[in-house]
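The same chain A turns up in both complexes below, where it pairs with chain B and then with chain C.
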Partner chain A sequence: MTNMALRELASLEKYLGLKKPNKYSTQGDKKVPVLQNNNGPPLVGLVTIACHLVKEAQRPELLGDSAESRAVVQQWLEYSVTKLNSCTKEDSKTVLKDLNVYLQDKVYLAGNQITLADILMYYGIHPLILDLTIQEKEQYVNVTRWFDHIQHYPSIRHHLPVIVVLRNRIYTSRHH
Partner chain B sequence: MALNLTINTSNPPLGALLAAEHVKSSVQVSVEEGKDTQLLVSDSVQFSDSNSICRYLARVAPAVGLYGANMMEQTEVDHWLEFSARRLCGQPGLNITLGELNKALSLRTFLVGHALTLADLSVWAALKGHNEWPIQGESFSHVNRWFSFLSSQVPFTSVGKKYTTKKA
Partner chain C sequence: MKLFISEGNPHCLKVLSALGVTGVQCDVQCVNHEERVVPFLSRPAVPALLLPNGLYLFSSNAICRYLFEVNGQESSELCNQWLEWEATDLQPALLQALHMAVLQGKGSEVSKVLQSPLNFLDQSLGKGNTPYLTGEAVSVADIVLWAALYPVLYLPFFLYFQTILCQSAAQKVLQGKGLQGMKSYMQRQPAPHS
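For the complex of A and B:
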């Protein structure tokens, strides 16, 4: 089995325009990614390494541009690790339902600008969306819209297949 | 080639002003305040209708992508330009129109394709200038999200601030 976290980090490096790909190892049964840092101790964990890459690429706005949005970004980064990884079929319905309510009035997770939270949540939720029927995609209409926007955002998708999203509703009478 | 846009300050053409802001990196457009809205292309060619001005600006700056990425998107953009001119500008009773717009926006971040086009500029401008909009907006969550998302982006913030405070 290929390690998803390593593929996500490789895609993130490309999105950030980092020229020289890093070499990662993994740790423990859960294959937690590890980055051997030249000038310090090794960095452990997807989110920790991802935040480090963003700083290396000098894109601090991807971690939020105000105190409030920085906190929101961290909250969704933690959510992606704790709730999306090892998500059962039952959990996934709760995740989609909650996220659908949250995204009702938002284009991006932390408001009106794209952040690292959108990128990692997109990678993390991809397998869940892949399993949805057309009708379910419409049921979670706000998640679907956000997902489709991120998957077409320039150079984020890389290692993942495009998921087909209808752009007009067909089950229009259905309440969401 | 320098273009000159004169705007009627008592009824500023927000869509045309936004289009001018978006294309200014590739085309030289100067904006002047005056009595009638008009885009001066040359001595013999002028456009006075906001949609015509938008279309012209989008076409002389194809790299900006305001007219969509293909023929299908171009047709969709035309649809929304007509929609904003006929169904939004100065029309009372926005309920049905907003309902349609709301449905169209439920699965879309932008009206056409995956990026900003004239469709967004023109519909946003028509709503911004409509006095029923802020009150009606509450009940149309998708239109609301789309509208406030655009309102938070440059140059919507600057154009919105500069040209709508003058209106009573």
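For the complex of A and C:
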């Protein structure tokens, strides 16, 4: 089975424009990613490594541009690694329902700028969105709008298939 | 800025300890377990911090991180790594351990459930030459791990844990009742998966 975390890290590297792909290993039953770091001890964990890559690419704004937004970004990063893996059908409904309310008045998870939280949440929530019926996509209209926006954001999608969101129906209420 | 806590909720230990260590000024309000403080979450989530910009933090680790950063201590990569380990590895084991100890009266089996994460922590502390997890000074990682483990390790057998004095936060959350102080909180948590 392919390790999702490693694919997410490879896609993130491409998005960040990092020239040299890193080599990763995994540890433990949960196959937690490990990055051998030339300048120090190895780094362990998807979020930890992802934050390291963002710094390496000198894109600190992707971690938030104030203490408040940095905390909000970290909160959603934690949410994506703790809530989205091994999520039951019931859990996934709660996740989608809560995110739908949260995203009602937001373009991105941490406000008006894209951050690492949007990218990892997009990777993590992809299987959940893939399972949705057309009716459910309309029920979670704010999540679908955010999801569609991220999947069409330049060079984030990579290894994942596009999920069709029926824009016409979802957006009709805005135009009429 | 306003911090919402509830009695007997082990996650509140983390944020109150972080508040105590950093000395950040903040309103603290005690609510009951059922109160839905964070408007967009369908399940009650306490502790929660209402930020000056009107956004809510509902992750206890993110709240601790924020309090430390406001106090001028931004978390290092090593801190990030410990906080991620705490959320993904330690918490599921702790939830199971507390469930057994508090609700099923199987306190003797707690050490079995926690053996693997505690060994890992102990080995990491043994390898380093520093008194704290990430260096010479207390960091957000020390507070988060100390508070997470306090309810199950409050018998004083780790010197490491005794060096951080957050006893008043523990008193406030557990009311001197130890594990039983968390009973009404634990009764409202979903049973662990395994």
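Throughout what follows, the second predicted complex is superposed on the first by the 169 of 176 C-alpha atoms of A that agree within 3 Å, B and C clash if a C-alpha of one lies under 4 Å from a C-alpha of the other, contacts with A are read in each partner's own complex, and residues count from 1 in each chain.
By our rule, a contact is a pair of C-beta atoms (placed from the backbone, for glycine too) under 8 Å apart; a residue touches a chain by one contact, two chains touch by 3 or more.
Everything numeric in this text was worked out from a predicted model, so none of it was measured.
S.K.: Could you let me know whether more residues of chain A are touched by chain B or by chain C?
M.R.: With both complexes superposed on chain A, more residues of chain A are touched by C.
S.K.: Please work out whether A:107 is in contact with chain B alone, chain C alone, both, or neither, and reply first, second, both or neither.
M.R.: In the superposition, A:107 touches chain B alone.
S.K.: In the superposed arrangement, which partner chain does A:75 touch: chain B (first), chain C (second), both, or neither?
M.R.: A:75: touches chain C, not chain B.
S.K.: With both complexes superposed on chain A, which partner does A:123 reach: first (chain B), second (chain C), both or neither?
M.R.: Neither chain B nor chain C is touched by A:123.
S.K.: Looking at A:147, would you say it contacts chain B, chain C, both, or neither? Reply first, second, both or neither.
M.R.: It touches nothing on chain B or chain C.
S.K.: Please report the chain A residues shared by its interface with chain B and its interface with chain C.
M.R.: Common to the two interfaces on chain A: residues 104, 111.
S.K.: Taking the touch rule as given, give the residues of chain A at its contact with chain B in the complex, in rising order.
M.R.: Per the touch definition, chain A meets chain B at residues 104-107, 111-112, 138, 141, 144-146, 148-149, 152-153, 165-169, 172.
S.K.: In the complex of these two chains, what residues of chain A are touching chain C?
M.R.: 30, 32, 43-48, 51-52, 67-68, 70-72, 74-75, 78-79, 81-82, 86, 94, 97-98, 101-102, 104, 111
S.K.: Going by the contact rule set out above, which residues of chain C touch chain A in the complex?
M.R.: 39-43, 51-53, 55, 57-59, 61-63, 65-66, 69-70, 77, 80-81, 83-85, 87-89, 91, 193
S.K.: How about chain B: which of its residues touch chain A in the complex?
M.R.: Touching chain A from chain B are residues 103-104, 106-109, 114, 141, 144-146, 148-149, 152-153.
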